[in-house]
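Paired with subunit B in one complex and with subunit C in the other, subunit A is shared by the two complexes that follow.
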Partner chain A sequence: MTSAFSLLKTRFVWFLFAGLLLIAQVPSILGSYWTLIALNLMMWVAITQSWTLFSGMTGYISLGHVVFYGVGAYVVASTFNTIPLWLAVPMGGIAAALLALVVSVPVLRVRGPYFVILTFGLAELVKFSILNLETVSGKSSRLLFGTPSIEILLYCMIGLVVLATLTTLFVTCSRFGRGLTVIREDEVAAATVGVPVLRYKIIAYTISAIVPGMAGGLMALKSTYFEVLQVFNPIISFTVVTMAIIGGSGDVRGPFLGAVFLVLLSELFWTTAPQFYMILVGLFLILFVIFAPNGIAAFLDKLQISRKSG
Partner chain B sequence: MNARLKVEGIRSGYGEIQVLRGIEMLCGEAQITALVGSNGAGKSTLLRTLAGILPTATGRILHGEAEIQRLPSHERVARGIIMVPEGRLVFPDLSVEENLRTGAVNVRARDVWSKTVKEVYDLFPRLLERQKQLAGTLSGGEQQMLALGRGLMGLPEVLLLDEPTLGLAPSVATQIFNIIPQLTESNISILIAEQDLNRVLDIAHFGYVIENGRITMQDTGSALRNNPAVAEAYLG
Partner chain C sequence: MKRIVHFIALLLCSLGLIPAQAAEPVRIGFSIAKTGLFAQAAPSQITAYELWANQVNAAGGLDVAGDRRPVELVWFDDESDPAKSAQIYEKLISDEKVDLLLAPWGTPHHLNVAGVVERHGFPMVGNTAASVAVREVQPGNIWFSTSAIPDRIGPELAALAKQSGVKSVAIIANVLPFAQENLQFLVPALEAEGIEIALNESYPPDISDMTGLLSQIKAAGVDGIIALSYPADSFLYMGQAREVGIDVSFEFLLVGPTISAFSQAFGDFADGIVTIGHWSPHQSKWSRAKPFFDAYVAAYEMNPDYLDTALAYMSCEILEQAVATAGLDRDKLRTAIASSTFDTINGEVSFEGVENAVTPTAFLQLQGGDMHLIWPEDIATASFSPR
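Entry: the complex of A and B
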């Protein structure tokens, strides 16, 4: 089983690099409109992949990952023109990880629906705290002048996708990753075999905040202004969960498949029939949860198996 | 008697609700110690407290000379204090062998797991037959064997068994009761909480009766077996 897995992995890694190289060609071949779409796509893949590392592996569904995205954006926006961007963006990731670390001890003590609600509430709390902070200091929104070009941001975002994906692959194969899987299966049993349950959950939660933090920073640079309600928009959390479910949250390919699916869907319908798009997203989410809870990735595996046997 | 695990005045429970009100007990080296009592007397709470799944409010737990009541559960597992939880908590989506392998994640057991797993298969040939099968698809008896085998994979010094025959067919229960005494030959101390009073006292060297979170009687297994007051306590 292990050898089959590593084979799949190497094939996947080749596909991954080929795909990302193609996406890196988008600016020169397809122009600026498609570059923006490619940037969006890469952002969703990066965040969803990080989300999967924690929520997919441990079964703790975070409905508030936007908080890390927002914090990363806030760090980059508030330090804009004072510290260089190559430092500010990683600092956004570190700030998000620190926030995750600090809140993880109380937050990870509750399970199931309580955890879901708590992560959502936490994101709202941070959103309104920063909103008040900005209002008090008289900066309801910030304009960012002289941001890097979209191409540069796309390359950075591709870098984040690589980082998030390699981290997930690495964790999946490690003892740490097996510990997380066992926690998802049964937390008490995991403790009785000697998995340091709380420590593993904290580490996974903290790691899963880093890339969303940096992605938030890059996206603030992309939009060239910073507005609290926009970067802490809960829709971002919902979209990430939706992409993970549709793509397959237990699979490293899932975030790619889910993000491509929803970004294409949005390209087809968002401008022409926005209401129709939201209805479709809801419909697909329901259909996937009922008929394909392991997402497109598991569906592809099934196709492959039936083709081989049939 | 040399004690491998010594419990001194343990109090614990769930939040505000105190279940254990000062437990004193010993687990002898390579001996079977039985813990009997009615439902809700505190048997599971005691085992969970010893395993570190529940925090100890006051009192001491001594493993040899060392105090372990403040150690987190994974460090107790690494010391060889391993619980097989009630209700056969196997990992349903992992195979039998993967389940066994998770039992050996602690530092002492990790590197010798391939040797230990053979010994477990010798003890439970049924698990070898089901090696690749998902644990969730096993029968109740097989799951209990797997849970027990997974506990053994961690190379226990003290094995805490919580109701190992609960809900099992009588023939399977007999099988489990036949295997437990064999384990003491590998120098494992066993603390077993069990509803099946007579059978557990038959195999136990020493036994404790627990009522309302306190030890009310203690004696050798056979003496408790013949003491009518025990049956009364058991009925609550």
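Entry: the complex of A and C
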């Protein structure tokens, strides 16, 4: 059985951390625009990694992870200039985790397509509830001036990527992680052999909400304008699922590969042909689902094996 | 020998026999909602920018503190996403190295971009943004040309409704910020004028069926309807109001009726619709208004959007006049915009803080397929006409 510490010694993990160090140099080498791109990239990696921790390991596809991102952003925006940011951002993560904990009991009772629809519906419900709350309180939009620089946000986001990656690594190698994998393979059998199914699912769902909550809080600080519809945009959930599918949702490398692939594709095409870009994303998604259902990570493994055996 | 060759070349140049080296263009960047939720509004803005750029180039180029240089527009589609818009302005400033900026469409986009221009100290004259939140923006790098600020619209609209004989109204409002801000100031203003609010409902931004809401309004038996709508839902409202058989004397739609396609789509049925807007080519006090209207119609074979096209063109005029005195130096440009009075198609404009301090909050009404200013009295080009 692989331990978390032996996984830390693998070449790929060290390669990833070297990559993160390189990304931390972007502000001084490539300037503010590419710093913004690096920040976006790290945000996608962090929340896709967290999504993988729950959905990738249990097989419960959440189409509503944006709700945690949005709640974190809302906590930071609504407490802006009231409490210090070093406290507000973690509070965003805690609020997201608490929401996940509260809703997990009813939400995790259903499976398959019902779970997908329920998570999507939950995100929309929270979005419109907060929107109404803002409207009633006369705060349909908020301005956030005096936020930290993009460089600082990037370094914090890299920290979240490290946190999300290490959490996924340790969970993968733990008894808890193996329990989640058994749930994915056969939930009834898992319960039969003594895996505390509901408890494990609730814990995984709650943990997977923390980093998206904090990432949402940091991203709210990137903009000077906060609007509920922007931070609860369902496109965020769809993008996370797309990145996980393309990169590989059963592997810690998947979120990196999926996010890098889509962000690079986006950067290559959005200025020249945005509609073409969306068509390409759709096309790649179909191709990956058909030819590489386990994503780029598994495809790379297959290539390595065939090279060794060849 | 070299001197003689230079002298001959200079002589031929001055006689126009050898073309002088073309001046480097002034690159002006902006993002536009070419696709997505606000795509219907984008043509109103981009046509104004294009018309202005073409006119400037036809006149020999932009006057940059005495030097004439051609104008080149650099733009990207922001997909109606305010966050994308901020990313584009970051690219325009730090990657594309544009010389000047024009504004994106809509309040959320402007306020997202406000942080970018603030960070880079890059002055930008805004146009289609209207929110009480603009007053929270630090003056210095962004200015807002509009006078359609919700806390002013509310009392003025209530006064117009009262003067038009409205006793009871139904309000329906998009949940997007501009509509909700208007709602916030409109309700107390209507109550203060003694106008009964029989119905007050909000609806989602991507609404595709309003018949339920409109049936409720019809059943309420009001004599005025105020729809705090965006362009797409204004079109939806009109189409379905006709089907449901809405018939009231006072009908107000927030954003949309000023678009040329609106009156084309609904013809006589749109006659009498009241909306926000502070410009009309019929106002003879503004000498630039009619020539702009004629040039626009000649170029695009349709009327300009009386709100957004006018605002976008005004922002170009302000920038043009500021650049003529200050050049491209950002500090000088900032001072020029903040302290000068500009002659625009909407009359004189000057700024106090970030706001247009001259143009009054006003309303337009479609009359005979044409847009007329009906409020306030001192700039009105026609009187209110009941539907």
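By our rule, the second predicted complex is superposed on the first by the 301 of 310 C-alpha atoms of A that agree within 3 Å, B and C clash if a C-alpha of one lies under 4 Å from a C-alpha of the other, contacts with A are read in each partner's own complex, and residues count from 1 in each chain.
One rule holds for everything that comes next: a contact is a pair of C-beta atoms (placed from the backbone, for glycine too) under 8 Å apart; a residue touches a chain by one contact, two chains touch by 3 or more.
Everything numeric in this text was worked out from a predicted model, so none of it was measured.
Student: Looking at A:Phe291, would you say it contacts subunit B, subunit C, both, or neither? Reply first, second, both or neither.
Tutor: After superposing on A, A:Phe291 lies clear of both subunit B and subunit C.
Student: Between subunit B (first) and subunit C (second), which, if any, makes contact with A:Ser141: first, second, both or neither?
Tutor: In the superposition, A:Ser141 touches subunit C alone.
Student: Between subunit B and subunit C, whom does A:Gly31 touch in the aligned arrangement: first, second, both, or neither?
Tutor: Once the two structures are laid over each other on A, A:Gly31 reaches subunit C alone.
Student: Please indicate which partner A:Gln275 is in contact with in the superposed arrangement: first for subunit B, second for subunit C, both, or neither.
Tutor: Touch status of A:Gln275: second partner only.
Student: State whether A:Leu131 touches subunit B only (first), subunit C only (second), both chains, or neither.
Tutor: Second partner only.
Student: Among the partners subunit B and subunit C, which is in contact with a greater number of residues of subunit A?
Tutor: Residues of subunit A touched, subunit B against subunit C: more for C.
Student: Is A:Trp86 touching anything from subunit B or subunit C once the two structures are fitted on A? First, second, both or neither.
Tutor: In the superposed model, A:Trp86 contacts neither subunit B nor subunit C.
Student: For A:Glu185, decide between first (touching subunit B), second (touching subunit C), both and neither.
Tutor: Only subunit B; A:Glu185 stays clear of subunit C.
Student: Quick one: is A:Gln230 in contact with subunit B, with subunit C, with both, or with neither? Answer first, second, both or neither.
Tutor: The answer is second: A:Gln230 touches subunit C but not subunit B.
Student: Show me the subunit A residues, by the header's touch rule, that subunit B contacts in one structure and subunit C contacts in the other.
Tutor: none
Student: Taking the touch rule as given, give the residues of subunit A at its contact with subunit B in the complex, in rising order.
Tutor: Listed in rising order, the residues of subunit A that touch subunit B are 175, 178-179, 181-182, 185-186, 188-198.
Student: Write out the stretch or stretches of subunit B touching subunit A in their complex.
Tutor: So the residues of subunit B in touch with subunit A come to 51-53, 72-74, 77-78, 82-85, 89-94, 102-103, 105-106, 150-151, 153-154.
Student: If we count contacts the way the header does, which residues on subunit C are in touch with subunit A in the complex?
Tutor: 34-35, 76-77, 79, 81-83, 86-87, 90-91, 93-95, 107-108, 111-112, 114-115, 118-120, 131, 133, 136-138, 175-177, 180-181, 183-184, 202, 204-205
Student: Would you pull the subunit A residues touching subunit C in the complex into a rising list?
Tutor: Its residues touching subunit C are 31-33, 36, 40, 128, 131, 135, 138, 140-143, 145, 147, 149, 222-225, 227, 229-230, 270-271, 274-275.
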